[in-house]
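Next come two complexes, and both contain subunit A; in the first it sits with subunit B, in the second with subunit C.
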Partner chain A sequence: MGTMFTYTIKRLGQMLIVVWAAVTLMFTLFFIIPGDPISLKSGEKSLPPEILHNITVKYGLDQPTIVQYGRFWSHLFHGDLGYSYKNEKSVNTILHDGLATSGRLLFWGALFQLIIALTVGLTSAIKRGSIGDKLGTVFSVGIQGIPVFVSGLLAQYLFGVLPFSMHWDWANFYKPWPTQWWGVIPTEGWKGLVLPALVVAVVDAAYIARMLRSSLLEVLRADYIRTAFAKGLSARRVWFHHALRNALIPVVTVYGTSLIAIFGVAVQTEKVFSLPGMGSTIADSALSQDSPVVLGLAIVVIAFGAIVNLIVDLSYALIDPRIKVDGKANH
Partner chain B sequence: MKVQKLSVRATALAAAVALIAGGSVMTAHAATAPTYVDCQLFAAGEPDHIDPALTSTLVGANVATMLYDGLTDTDANGKLIPAAASSWSTKDGGKTWVFKIKSGLKFSNGEAVTASSFVNGWKRAAAEKMASEVAYHNYFIDGMEAYNTGKGAFPASSVVANDANTLTVKMVDVTTDFPSIAGHSVFSPIPSSMNSADGKVEEDGTKLIGNGPYMLASAITKRAGGEVVLVPNPNYGGTKPTLSKITFKISSDVNAAYNAFASGQCDNGPIPAGRYTELLGKWGTKGVKTTLGTDYWGFNWEDPVVGGTKNRDLRSAISKAIDRNQISTVIYQGVRKPASGLLPPGLPGYKAGQGLTSTRDLEGAKADFKRWTAAGNKITTPIRLSYNDGAGWDKVASIIIANLKDVGIPAKLDPFPADGTYFTKMRQGKGQIIRAGWFADYPIADNFLFPLLDSKSIDGDNLERYSSSKFDALVASARATTNPAFAQSQYRLAEKQALVTDAVITQTVNRGIATVLAPSTSTFPISPLGMIVYDQIVKN
Partner chain C sequence: MSKPLLEIQDLHVHFNTSDGVVEAINGATLSISAGEVLGLVGESGSGKSVTAMSVLGLVPQPPAIYPAGKILWKGTDLLTTPDRELREIRGGEISMIFQDPMTSLNPVYTIGHQISEMIRVHSRVSAKQAKEKSIEMLDLVGVPNPRQRFDDYPHQFSGGMRQRAMIAMALSCEPELLIADEPTTALDVTIQAQILEIIEKSARELNVAVLLITHDLGVVAGICDRVAVMYAGRIVEEAPVNDLFENPLMPYTWGLMRSIPQMDSVKGERLYTIPGSPPVMSRPPKGCAFASRCEFAIDKCKTDLPEIRQISNGRTVRCHRVGEPNFALSQKVL
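Then we have the complex of A and B:
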């Protein structure tokens, strides 16, 4: 246990360095790329220099880069991520609001993903060569090739526009995102959750399902599985206690990576469904060079990725006692 | 056999997932008629602000106009009408204006709207620390520019509350159009509770207090996926609004926004590009309106091939070659109509036919081009049609290139990255034929002609870097006169000078708004300034 604790602390330390390096890199990039957030405010209609100067001073952008960098970290240590150049909204508030929505979308997306992957993967492996297996393959290959903005709009049409035009409100799932929650459970308007979460889920669910199928089939060929059947153990015990547990190790790695990748999918999904999450905010803010928002959100995204990686690493030891957290195996 | 049982369980699990996802599928309701909620969709971009002192976007200003009534307003025909002011007058031809404020007006918190409310509102909006993007509209007022730039105190002698109902405003120069300008949201009044409010006041729905037909119901979220909810202002002094609640939903994708409308989430929605004919045919055309905006292409006045007086025949040939009807029908499916001048229909002083032509004149174009080449000119590399990429302008440019090919003028697409720097680069003279457009801030000719074509606007919105002493003199005389009719005639001459004599820009289409509406919407007024008059929407 002591080893695991030390390992965790060490990894958290590494995570802080990664966050610092990534934020510093992004901060630098904002000063290198062409244009600046203030001059970008002049669009079809130009703003007088006096107006641009007032805005520049307001956000402290008239200060040298190093001063701005120091101020950013100083404010960060005090828990203040600054204000959006675009609409003066507090980045802390944007994070607070956005994280809740994105977190719920990610939770339900990940849950749906797991359920779909397990269902399809298990069915395909158990009924290898069956129509169900073939359908699973088609589903896996087909769904992965569809971009989110296409699958999102298609889902909106099939489960929103079409049922509404046919007066089938029961089948209309394109509803506003729920506004009342108990944790991650929507307490009203749950229908609005289903389509975005499914769109997030299906992209990597197919890949994980294929991975589970392959892994299971490989494990099922192992001697100890045949031995287990020969000893008269029930199919349920062999499948779930012996086969599935071993087959899950590579799947957990993929699932962990997928959780990070889901973040990218969620960005597009939030955009397509206009959800008030962090994803659409990141995309919009990056385009308008709204650096306080992008940097604030980047800290969260990078930390999230690092934490998920850490949890995945730690979970290896829980799933397979032969594996130690420091990467060395017991023999 | 055991494997089969497992398979059955897996199938059951899948069914459970379907049940969770499908939910009410198992409790199927009978088919019901579509029902809509009182909701409006923003899909043209999120509002930057809804604080009238700060908002610079059409969508933000549209909400601000529901929260605040300024001194004046514009009716559906573009005519100036009273709002909080009952009347206005000038005794010195437009150098000083006196507005009479209606009695009995109140903010939503019950405080009376007086002349001082306007003084305080203008003082706040132009304050240097507010750093408002729209504060420059105050520069017409004597001393306001110095105040906004921190070089002077608030010009208390230029914006004076003589009594509760009288507001006197002293201008820098004669400004005969100031009553129209005063309709801009930056000239809104504020209650005393907002005198020292900064730009973050709108975060809290209880603190942004106005005198308009509606008031904020809750704190707002201005980002995509957010909402702004308005309810009627119980103290409103004008005609009571018809809708008991308006929910503005902010969408970041026009296709998703249309789908949200078509799924019953909102009463109106945007139309995705290329689907105008289909969707207006399906939902009706009540939500279509031509607005005070014009799209045009300008010629870089400093370019050796297309600029200057010596290349006037080439510019004329290009202008005559363009098929504006094709652009209108193919790209905008009739929503944006072919324009005949820079000033749009509906603008006071508008006169049709101020441009070289509004219809295609292929023979005229060929003759002009022949005359230009006969003078020893030639095109060695295709002329560049510069535009900001990613906004669909390539389609318009492609039509023009095909049009020019018929005349024998070689041209090519010249896309600039969609990184927001296009207009900055054009201001620096990097374009050749420049894609541009303008939407009125207020319904006056000067709002088009001065910023777009006056030599004082070079490095600003005069993207062509056009410099004509004749044009400048005409605009200057229009600005200086105390005779509105003479001013209009001078503006018309200035428009002719730029569009015909110098042919420095060529207009294509007048802008328009097109939204799809739920069948229950019987009245959906849109002002020429592109503002949906939400308080006058009528539903069956």
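Then we have the complex of A and C:
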């Protein structure tokens, strides 16, 4: 594992370079694109030039670009991402509040995604050609084509409107609902989260399930699967112990990409479900050229993406002993 | 001769394919006694592997169907044995090694893990005991430094070593029958002899019967007690190994023998080949499957399927013409 540790350190170092490059690029872009945040902030009203000048000075926008750039980094090293041009809130606060909601949505979305993908993928591969496989195929192909703003609204209607219009209060069938399960898992707010999380999950879950199915079908034809059966192992042992692990490599790759792409899905989902997460913030800030907020969010997303990629690369080596993390061949 | 361990009686295996039903096995009959080494020879597609895989229930159904026949293991029909009981027999009483050792071991688990796993499925032993047993087996089949190599992955083993590991695994639960499906075909010629020797030596040492499937008559001559020749899904001749080589009865066997290059053959002389090609098994011929390629075929051969006949002690043949007063295969071989 020694090589794995040095590899991780190396990759984390590379991640810093990526963050730096991305932030610099975006910083430059904000200066190149026409329009300025202050006049956008004032909106339709035309403010007196003195006031505009005062605001510009207040945010330090009168300084040369290179100075602003340097100041951004020096603040960042002190953990300060600056202030929003729009509502003068600290970007740290905006991120903190937004991430609390979005983080939960992303976590549960990713978890549901994994559970759905594994269940559907495994069933359709093992019971190939069965009703379950066919339903799984219909589900996978069908759901992939539905955009979030349709599936989200559909889910809201099916689970949030229809049952109640039929006087079936399914969310409160058990009263009193405990505020915690087993004293640890808070149940407060889950009702608001479960639907959006499912909507986030299903889009890529379908894709991952297809991937797992085809990967498993290929593995199940392998000679070592026949050997495993010839050893007298149970079918379950063969599927879960011998086949699944070999089928995971392409699935892990897709799951990693999907975890990063889920940010984009979450933006739409948060809009559809009116969740106060980062989704709406990132869209609004980009439109109003609120660069501190956009840069702050970008750093979070880029770092997250880099870490997910690192975990994916490390997991290859854990799944398949023939793969070495540092790219050096065995022997 | 003692009561046979395994008796395959009139086995039929058909495959439902998009091109119709392929009748891969059409009445194969075969038996093996305890401790015996039986060679099953035949060309590609003759049904050797399907017969062997059927014994362990490893042929996926569908597409395979078993319209008739029995596979009796110590008297119980394996074809009707429930999966649960079959699993105990697989690996425990009958184990199998395969043609390609490069792909027969799971690449993501260590050799040791794969051998111990099999031991622990079939006997109630601790992980530590299973490990010791695995190392002992690896040592038996001649893997050097078995204790260190226990933790190696298959990709760290060479082809020959992997096949040794497969043999170690197959023998680890002290089975009574080892089915070796072309165990040396995918190996280097230099390694082939070693692997065959290991199979023979360990089998005789542990008193395991061996069903050796091969298309290599040299392999058969080397280690088998008895030989069964398979053609188009049927056993066409069965004999003790020396009798078969000295005096093949069935014209197909005779053709096979003549197709082997001889040490004393004349330089520049063309090697004999059996004319034609095996029948398409989705439309099997009515009579003897070999009739269309046989130099000795008479009209009866093309219309009537010959029955298995006992010629002498331990020798059976499926041919109309064998035993006819003036019938003799034109040339003696070997």
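Criterion: the second predicted complex is superposed on the first by the 304 of 331 C-alpha atoms of A that agree within 3 Å, B and C clash if a C-alpha of one lies under 4 Å from a C-alpha of the other, contacts with A are read in each partner's own complex, and residues count from 1 in each chain.
Here is the rule we use: a residue touches a chain if its C-beta (ideal position, glycine included) is under 8 Å from a C-beta of that chain, and two chains touch if they have at least 3 such contacts.
The shown structure was predicted, so the numbers you read here are calculated from the model rather than taken from an experiment.
S.K.: Touch test for A:R226: subunit B only (first), subunit C only (second), both, or neither?
M.R.: It touches subunit C, and subunit B stays clear.
S.K.: Going by the contact rule stated at the top, is it subunit B or subunit C that touches a larger number of residues on subunit A?
M.R.: B
S.K.: Counting only touches as set out at the top, which of subunit B and subunit C does A:S234 meet: first, second, both, neither?
M.R.: both
S.K.: Thinking of the overlay built on chain A, is A:H242 touched by subunit B (first), by subunit C (second), by both, or by neither?
M.R.: A:H242 sits against subunit C, while subunit B stays out of touch.
S.K.: Going by the contact rule set out at the top, does A:L198 touch subunit B (first), subunit C (second), both, or neither?
M.R.: The first partner, subunit B, only.
S.K.: Regarding the shared-chain residue A:H78, is it in contact with subunit B (first), subunit C (second), both, or neither?
M.R.: A:H78 sits against neither subunit B nor subunit C.
S.K.: Mind sorting out which residues of subunit A both subunit B and subunit C touch, each in its own complex?
M.R.: Correct list for subunit A: 234-235.
S.K.: Looking at the complex, which residues from subunit A come into contact with subunit C?
M.R.: It comes out as residues 222-224, 226-235, 242, 245-246, 319-322, 330-331.
S.K.: Which positions of subunit B touch subunit A when the two form their complex?
M.R.: Residues 2-3, 5-7, 10-11, 13-14, 17, 21, 23-25, 27-29, 31-34, 46-49, 54, 56, 128-133, 135-136, 139, 145, 148-149, 199-200, 203, 221-226, 249-253, 255-257, 259-260, 262-265, 419-421, 423-424, 427, 436-439, 451, 459-461 of subunit B touch subunit A in their complex.
S.K.: Using the touch definition up top, name the residues of subunit C that touch subunit A in the complex.
M.R.: Residues 56, 58, 83, 87-92, 95-96, 98, 100, 103-109, 117-118, 121-122, 153, 155-156, 166, 169.
S.K.: So in the complex, the part of subunit A that touches subunit B is made up of which residues?
M.R.: Result: residues 34-35, 39-48, 50-51, 53-55, 57-58, 83, 86-90, 93-94, 97, 101, 112, 115-116, 118-119, 122-123, 126-127, 132, 149, 152-153, 156-157, 160-161, 164-172, 174-177, 190-191, 194, 198, 234-236, 239, 270-277, 280-281, 284, 287-289 of subunit A touch subunit B.
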